[in-house]
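Order of writing sets the labels: A, B, C, D and E. Residues in every chain begin at 1.
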């Protein structure tokens, strides 16, 4: 992305609301998101933190265009978004690689319908394999690589068609702390290199503060923005930097305040899934 | 002329190529006379053997998969009663006997002992009605015995393994008896011929209308076979021919003991045969095996037989029998003993 | 039968592997049975007509093999099986795919199909025999039906259980419908489809035996069995049983082998 | 496998009914259905009946117009009358109860034996080593393969039917029991070891409860197989029962009776399947 | 536990070695643990950190008595351990509750063979339900409660028969960061209240430092103790305390050093599971 494109690539969310039909909720509808306003200039890195169920994933799904019934407006570079599109990419929490495709082919999925020649596609894929450091594993299938590697493939797939906005839904949630730290560093490096707008959903406040220019703290029932914290620390950041720790604890305090974090609730029993998974 | 003439035979048959015994038709099949007859005419012969016996042949007739059927009396009637358009051309194997067999050590000595015993009967076949008549003649009804519906093979296995106490059946039992596994306690041999079973060759109505000439040729061959099979000097050879079906010649020997071949292998549609078929209709109606009556007279189509007899000079070869099974005076025959 | 139950059945069709160590112990029972059998036959402990000596069975087997009867019967059966299996599987794939991909069609046909498959297939035999006559046509129809049902059920189920998560990936990258079906739905449904085909192979073999038994006679391995029963030859009956079991086993084994190959070819295992 | 809960907005984007092949009466409503669904509902409810209605109509018409000969396809009213006659005369009940008795006795015997065999093999490695190979070999022979053999051994009576039905039920029960017992996760068994469970406690309180769903699957499959074999066995050798009704109808060339019996077989099979499905849900939902 | 028992409840591990038969390893055997020496006085809280595969779980399994072939000695209060025993409890990473038992019954599993009357057992179970804050959920089944709650049930089960040593194998590994923080606090509270010896295996260095008196850093190939770090911060501890951060970063640095953390390796493919699980 060059500097000229910066203005027209800004993401604007205005008065966004989303309801789901729900038999459990009063009135048969669950207000998942309510009056969300967010302005993300091009090239920014925004983290979204919040308790489980506060609508973080839903927000990403709306920006991505996977849900089409909502209130309010979402525009990218002034254009209202309509359905999915190549200018918005995503990395899902559960990597969602196709188990029947190898690493290379899975990354190529991101270019499936891109207007490129096969040779160009091959080149781009190879580039991105290198970007996420998976040279030598091009022919491996998802079950043959570790969770951390799979997540890197998913990131490569999300990046390969150069979206203007990359959405990341808890991309490191399932990883152990060490792999996680490594991938955070890698993501930071990629972001610095590519200057793509990034929206990262995470449960991990430290991660949010470590990576973002801005941390959006959400609260549930219904999902709203509680606070937006600017993180104006220079990159590369250090986790033991006192300013970093102060900012982190600031957000964390907000977070641990009763009422924000809904009391731990048992998940709605879903006997059907249990029955077969047992 | 049709490309192929398909003849369905209501028995599983045996041997390689498949053939069957106990009927002049088996001779024609075994000697390939029909194939010879049609050689060069462009018409082929296809023989089809049905393990499901009579009923299966009806199914084949109903969807026009066969043109001719060799069937026992009751199954052909059942087909007719259910609306199958057939014509009965000639008798082919009459007065087949019925036996009651029991395991060797059984205490059953006569029909009367069958009361409350488990007895195998192949329902819906021509043995079924005769069995009932035999029982009736001994003061029993079908309800007095515990009938089990078994096909031929199953009945044999059942009797030997004491699954049933007795079985009604035909000549296939001689083999079992000769193995020492069964004892015959009742036989229709030498009894009222009303207790015997008849079999005949039928043709599909549509085929008959379309190809009368071919019908005639088939009948000609069957008559020729009947003649050969009625000749006492062929007795040993006849049984040997039939034995190719897998049933030992000894069984046929026993089945035909003390009976003239001409009496058994006559093709004539005589008064006896008509009377038997009529009686079967009445019995079947009474037992609700068929739901509407069948007129026998317009079902029988003797013209092809007549023509064949005439052509082969056999008009007086066989004795005609009256309704009771007694020879009709005047129709004297060479074959009468 | 629900799909889950059918899958469970598949698990039982592919017999559990006994442990590798102490294999010899598996032979104790069969050997003991054969010894006992030989002794009983030798000393005529039981009704001798029922109890033929093991040697007699071997002799029968040799005779069947030498005269080519076994081959004729078996090839007739296998040819039927193959035809019915192919027709049923192809039909099942098409029907299952339609049911899985086309909701309207599913609502239209699904319930009727579901009811239809509850009727024991064997109950159809008399009707099939009247409708399709004698000979191989009726048998093949019957076999095809036997093969069709599991393929339809599993294909449809496999397609409909394509993970929503993967379908969303396809949406994100702008896959067309055709791309979605061929590149996401079908690969994802493939294992289920294979399960269906596997079951079809086994079911159609069972149906082959049934068809030969209950439809009018002809050549076939079940006819060997019937002949043995009718002519009262235990040796032939036992021989027929062994052949039928052996063929079933061979089919199972080759299907499992193919499955492993397929898994490797698709490059996934977890 | 999430057979029941995934719904795939695939080509139309609409919500599909929960189970992949919905039962004719009222498909389950998904918890979160799109709003436009109710409007379409009424037409939906009728849709599944379209095909059966069309087939029935065609049948009526074909019979009335004489397109199909009644020997090949008896008119529907004829089948209905036969069915009614059978029911009213009590004959149907006789056959149904004979069949049900057979299937119940056979299934009970087979299931018990299967449970015993399966648990022996599942719990004892050496029992497994001795029995499993022979068992695997015998399993390969279908019921119809056994029939002539068992027939020669025990004859044609009820024992034959019981044995064959029991054999059919035994196989899935035994194999699922074996599998259920064998598949106890080592992780759960270790919990038992940590808390000093005796072998008896291990079996009764860990292995068994864990195997319950698998056992039930086996029992259900066993019953389905028993019902299937019942028809087969009765087709070949019997004097009463639904299979006999079919065979006898065939022998007398009365297809109306055959079809009536097929309808009854189908109805009972369907009912059994529903009941077992319900029971399975109960067992696995609360075990 | 009273003070008198303290001496005799100390856990001593001497020259411990463990090998597994392995077809992949050279020589057919894999040296998983090598020459481990550890001395845990009664009432201590010891954390064990180390890369994946360095033998942490194996070490716990040996102490627990689940494995019986090893070299070296393990004694508890001077007695060599032999098999499992009620004086050693464990909380597994994957909670391992019995799905067919409810919360109460699952906790009671820990008392299954304890020499107590049924009434005493009931009382103890009720106490421990309260200890982990699950009042009101006694009748719930594992599938009806959240992962965090299930992990608390597992902790209650591990505690209910008052073991002298409680082993914890990544008990919070599968939880999200917030629930995790809450349960760490809870575990700390329980430990302070009960003064049971605790051995905690974790991937999370912060967690290890936050909870323990002593952090044992292990290294793989073969599994050895690399270093033991004493944490003499007072309780309650604070995550933003500079001393805490310094200690954490000290351990972490050790950890991130190349060679300690083995290269990320793909899992071995397991084709047999494909057919049904696929």
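Couple of notes before you dig in:
Criterion: a residue touches a chain if its C-beta (ideal position, glycine included) is under 8 Å from a C-beta of that chain, and two chains touch if they have at least 3 such contacts.
In this text, all values refer to a predicted model and were calculated from it rather than measured experimentally.
Centroid analysis (C-alpha atoms only) places B farthest from subunit E. Inter-chain contacts peak for the pair C-D. The mean-CA centres of subunit A and subunit B are about 85 angstrom from one another, to the nearest whole unit.
Averaged C-alpha coordinates give centres for subunit D and subunit E that are 48 Å from one another.
Remark: subunit B and subunit C have CA centroids separated by 39 Å (rounded to whole angstrom).
Look at where the CA atoms of subunit B average out and do the same for subunit D: the two points lie 42 Å apart.
Residue positions 269 of subunit E each touch two or more of the other chains. Touching of two or more other chains is recorded for residues 4, 7, 11, 50, 126, 129-131, 226, 229, 232, 268-270 of subunit C.
Residues of subunit B in contact with at least two other chains: 52, 59, 62-63, 154, 157, 160-161. Listing the residues of subunit D that touch subunit B in their complex gives 69-72, 148, 151-157, 160, 236-239, 244, 247-248, 250-254.
Those residues of subunit A lying in contact with subunit C across their complex are 64, 66, 84-86, 89-90, 92, 94, 96, 98-100, 102, 109-110, 112-113, 141-143, 161, 276. Touching subunit C in their complex are the following residues of subunit D: 1-3, 6-12, 14, 16-17, 20-24, 44, 47-48, 50-52, 71-73, 125-126, 128-142, 144-149, 151-153, 171-172, 175-176, 178-179, 182, 214, 217-218, 220-221, 224, 227-228, 231-232, 235-236, 242-243, 246-247, 249-250, 255, 258-259, 261-262, 265-266, 269-270, 273, 277, 280.
Of all residues in subunit B, only 52, 54-55, 58-59, 62-63, 75, 78-79, 82-84, 118, 120, 123-125, 146-150, 154-155, 157-158, 160-164, 289-291 touch subunit D in the complex they form. Remark: subunit A residues 51-52, 137, 140, 143-146, 148-149, 173, 176-179, 181, 203-206, 239-240, 242, 245-246, 248-249, 255-256, 261, 264-267, 269-271, 274, 278 touch subunit E in the complex.
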